[in-house]
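Supplied in structure tokens, the structure appears directly below.
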Amino acid sequence: MKDVQNEKDIRNIPLKHVGIKGLRWPIELLDKEKGSQHTVARVTLAVDLPHDLRGTHMSRFVECMKSFGPISLAGLENLLDQLKEHLDAEKAFMKMEFPYFLQKAAPVTGNVAPMDIDCIYTAEKDTDFKLTVQAEIPIQTLCPCSKEISSYGAHNQRAFAKITIEAKEMVWLEELAAMADKAASSPVYGLLKRPDEKYVTEHAYDNPRFVEDAVRELSILLDEDERISWFRAEVESVESIHNHNAFAVVEKGEAYADEN
Amino acid sequence: MKDVQNEKDIRNIPLKHVGIKGLRWPIELLDKEKGSQHTVARVTLAVDLPHDLRGTHMSRFVECMKSFGPISLAGLENLLDQLKEHLDAEKAFMKMEFPYFLQKAAPVTGNVAPMDIDCIYTAEKDTDFKLTVQAEIPIQTLCPCSKEISSYGAHNQRAFAKITIEAKEMVWLEELAAMADKAASSPVYGLLKRPDEKYVTEHAYDNPRFVEDAVRELSILLDEDERISWFRAEVESVESIHNHNAFAVVEKGEAYADEN
Amino acid sequence: MKDVQNEKDIRNIPLKHVGIKGLRWPIELLDKEKGSQHTVARVTLAVDLPHDLRGTHMSRFVECMKSFGPISLAGLENLLDQLKEHLDAEKAFMKMEFPYFLQKAAPVTGNVAPMDIDCIYTAEKDTDFKLTVQAEIPIQTLCPCSKEISSYGAHNQRAFAKITIEAKEMVWLEELAAMADKAASSPVYGLLKRPDEKYVTEHAYDNPRFVEDAVRELSILLDEDERISWFRAEVESVESIHNHNAFAVVEKGEAYADEN
Amino acid sequence: MKDVQNEKDIRNIPLKHVGIKGLRWPIELLDKEKGSQHTVARVTLAVDLPHDLRGTHMSRFVECMKSFGPISLAGLENLLDQLKEHLDAEKAFMKMEFPYFLQKAAPVTGNVAPMDIDCIYTAEKDTDFKLTVQAEIPIQTLCPCSKEISSYGAHNQRAFAKITIEAKEMVWLEELAAMADKAASSPVYGLLKRPDEKYVTEHAYDNPRFVEDAVRELSILLDEDERISWFRAEVESVESIHNHNAFAVVEKGEAYADEN
């Protein structure tokens, strides 16, 4: 059968990315506490394409994915090396978006329950391997202005701390989540009994934080970690007094050149 | 050209619905305060299909939609009559999902700003015309348990009151939103200055409501309205202490038979 | 600490549902081929609430979920029994939405790769246990009208067969997916090499199907299965010539009364 | 009342962005053919925040938005100037995401119907005004490999051409959509009668295009336009033989520094 993709292309336009998107795939991840956990990812896999080649061979992306075992840093680099080899490319790119479950203990009773965070691994390899890790952790923010100006009460809400980092050494998703919890008015939990709820309510009231405050606290924690060479932190509050959200962003250091 | 859709079908299976979905369309709606407002809808249009006909003519749904002006109750019935006629059907069905903007005044300063609610009109006609109206209104709930057991503060959050009604007479979306606001710990707003924020904070603290409370308050208001022959009310809180939501549902009266 | 939820309620309004929504949870499911598979669900858990009780105890839903092992029919009924007991209710309700992975072999080369389908289990128990199973299977449809009137080619597209059933005996998700594949112009696959792509292309051209045709073929297959007491089947095509979709629905038999 | 936001901040961390997100707002846009059109946007508004200031005044974003009329290039710059002034900032940022309706004529019968495209305006101003325009246009792609290796037929599908540009002069959304249509196997339409469907089917079969081909054709058209100083073009096909998508990306020229 003719290999149409392998035809010469005379339009002289190199492609930055060519590949597949929206591939849903069951994955197994290393987990700080239990050894490993199973989840489901949405996967993008791509390579570059030289100016003189008409197309890539899309089925090979799925073939590479099939040979991919439990996910580790070394495993991700190996996947990109395989893509480069099997697709005869200079550069390979991947993105995996998945929910990850923390085992979180309630602050007073110590009851443990899973709580989900949304994560994204983005990796690229030409000669160097570059990995960006993102975690979006639900937290609580309580408004300092509302507390200050009101005779009692203070509006509070679910918020999300979205942390994106580049690091040479392993930084656990659990570590990023712990930083988000420290930066918040209060962490949020999977399971709270009444003594826990009392604690969380008072703790949040004692630690009012604007999105601006929370993102700065997060920035301090990320900045102190020597494994982290670049970060972007965003806190977004699902404001309980509006139907729109408040957000704040800090960015530090020199990121890789644009990988998207 | 051959009309394949018009072929006889011998499988002897009548279809409940055949039509188009996901049609995005600019619409103009009657508005209680300003006369009319423009928005964008996602539209489903369908008819039934008798057991002996192979297919329907999908392009005619879009043709009927093209001839449709600003939306009113009479206009919706007219659209369904047109669908029945042009598609030679016994029954016609439509669903329109759209954001609707309320002009909402802040409680102290009176500052007015638009606030969006998500609405759905679902209508059907065979011999009778049946219309179901749904509005999802953002509100605030403040937890009575958290207030009671804590020395200070109380967790609160954005919540949504989803009201679905059947009514013979016109019930304005603004009226449904006003009921949701009364059932809440506090309404939410598009624009609040500091005196408003103080008011909203204290008002919510003075009116703690579980989702169970809010949905019952809503039920009382809906039940008192004689225009409303059936309703379903749901309140769902984006809990600020968890990463999952709490919800409660009341349903009253005899609904139309299933129209979906 | 005071139990505010346990207060008497004098509003005299029984609640149809009260519970939690949007709880993301890792689950393990029985799998026809490999014994079991891991995936991630969005879970709703609820009970009814009598007219004279103010609220329910939301944390107990998560506690019941924690004690829940790999999912089976017996396991689902047991979960509902636990909810009834721990929340002191007459009726319990649950809904689980999750992606499920089929191991699908390419039609010529036999290459196997996972392919995802979206599934929903909805169950309820008062005295009787009722379970509804839904599977949304991606398929291909090729337009008979386009084939008939064109000198060459025919527009085709990804479509989705959404099957909802009630059954007393176990019906595997793999069996519903196989019915959808038979009703389609062609199945879709996770991994196809060129000989497979040739086969799929020609097979679809040889089996042109409107959404009306596909849903009727599906209806015949579902109707023949004696385990299935009720079904609703919908086929929706992501039309390749429009930016909106075409759909058709068949419904057969007597469903449980509304469980939502 | 105390102005908590105006407090000094000693953490010494400047914020890149602080503002509001997810604000839904009715907008009026200039339209190449009809003068103007109404639609609904999701809006992000933000400013930078110096290292020594605790917070911004979120309500002023909504106040600025209220004074904003029909959208034009000059209007967008004016909105950013207002944000800078009212929020006392060095830099202002906005993003508007909205559906836009093209009036598209069928290729044979000339029947006109609206067709929606998803658009994003992203703008920033410190001393210079920078605007990025994105349009995501639905098109059809027909697979050259499938056509070549099959005895008859060829798989095709709905695809999306996502074009992002920077330009000093006005480039109409209608012009970007026209480029996407030329790069496709065939345009898609809101309303097609049978002679149109025959034409579209045969036209697509005569113009087979991989995502790699379509994105290169698009690249040529964008490159020729002297108003456009930078672009990124992506074509993504909702593959009719898989449950995942194929995509290809070209990027040309020097973009503004990262504005997100």
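By letter and in written order, the chains are A, B, C and D; residue numbering begins at 1 in each of them.
One rule holds for everything that comes next: contacts are C-beta pairs under 8 Å (C-beta built on N, C-alpha and C of every residue); 3 or more make two chains touch, one makes a residue touch a chain.
Treat the numbers as computed from the prediction; the structure is a model and nothing was measured.
Ranked by separation of Cα centres from chain D, the top chain is C. Between chain C and chain D the CA-based rotation angle works out to 180°, given as a multiple of 5. For the pair chain A and chain B, the distance between mean C-alpha positions equals 34 Å. Annotation: 29 Å between the Cα-based centres of chain A and chain C. In this assembly, the C-alpha centroid of chain B lies 25 Å from the C-alpha centroid of chain C. Residue positions of chain A with contacts to 2 or more other chains are 1, 24, 116, 145, 149, 190, 192, 194, 198, 243-244.
The touch graph of these protein chains is complete, with an edge between every pair of chains.
By the touch criterion stated above, chain A contacts chain B in their complex at residues 115-116, 138, 140, 142-143, 145-146, 149-158, 186, 188-190, 192, 194, 197-198, 200-202, 204-205, 238-244. The part of chain D that touches chain B in the complex is made up of residues 1, 3, 24-26, 37-40, 59, 62-63, 66, 99, 101, 113-114, 116, 190-195, 198. Within the complex formed with chain C, the chain B residues making contact are 1-2, 4-5, 9, 11, 13-24, 46, 49, 54-56, 58, 144-145, 148-149, 210-213, 215-217, 219-220, 236, 243-251, 255, 258.
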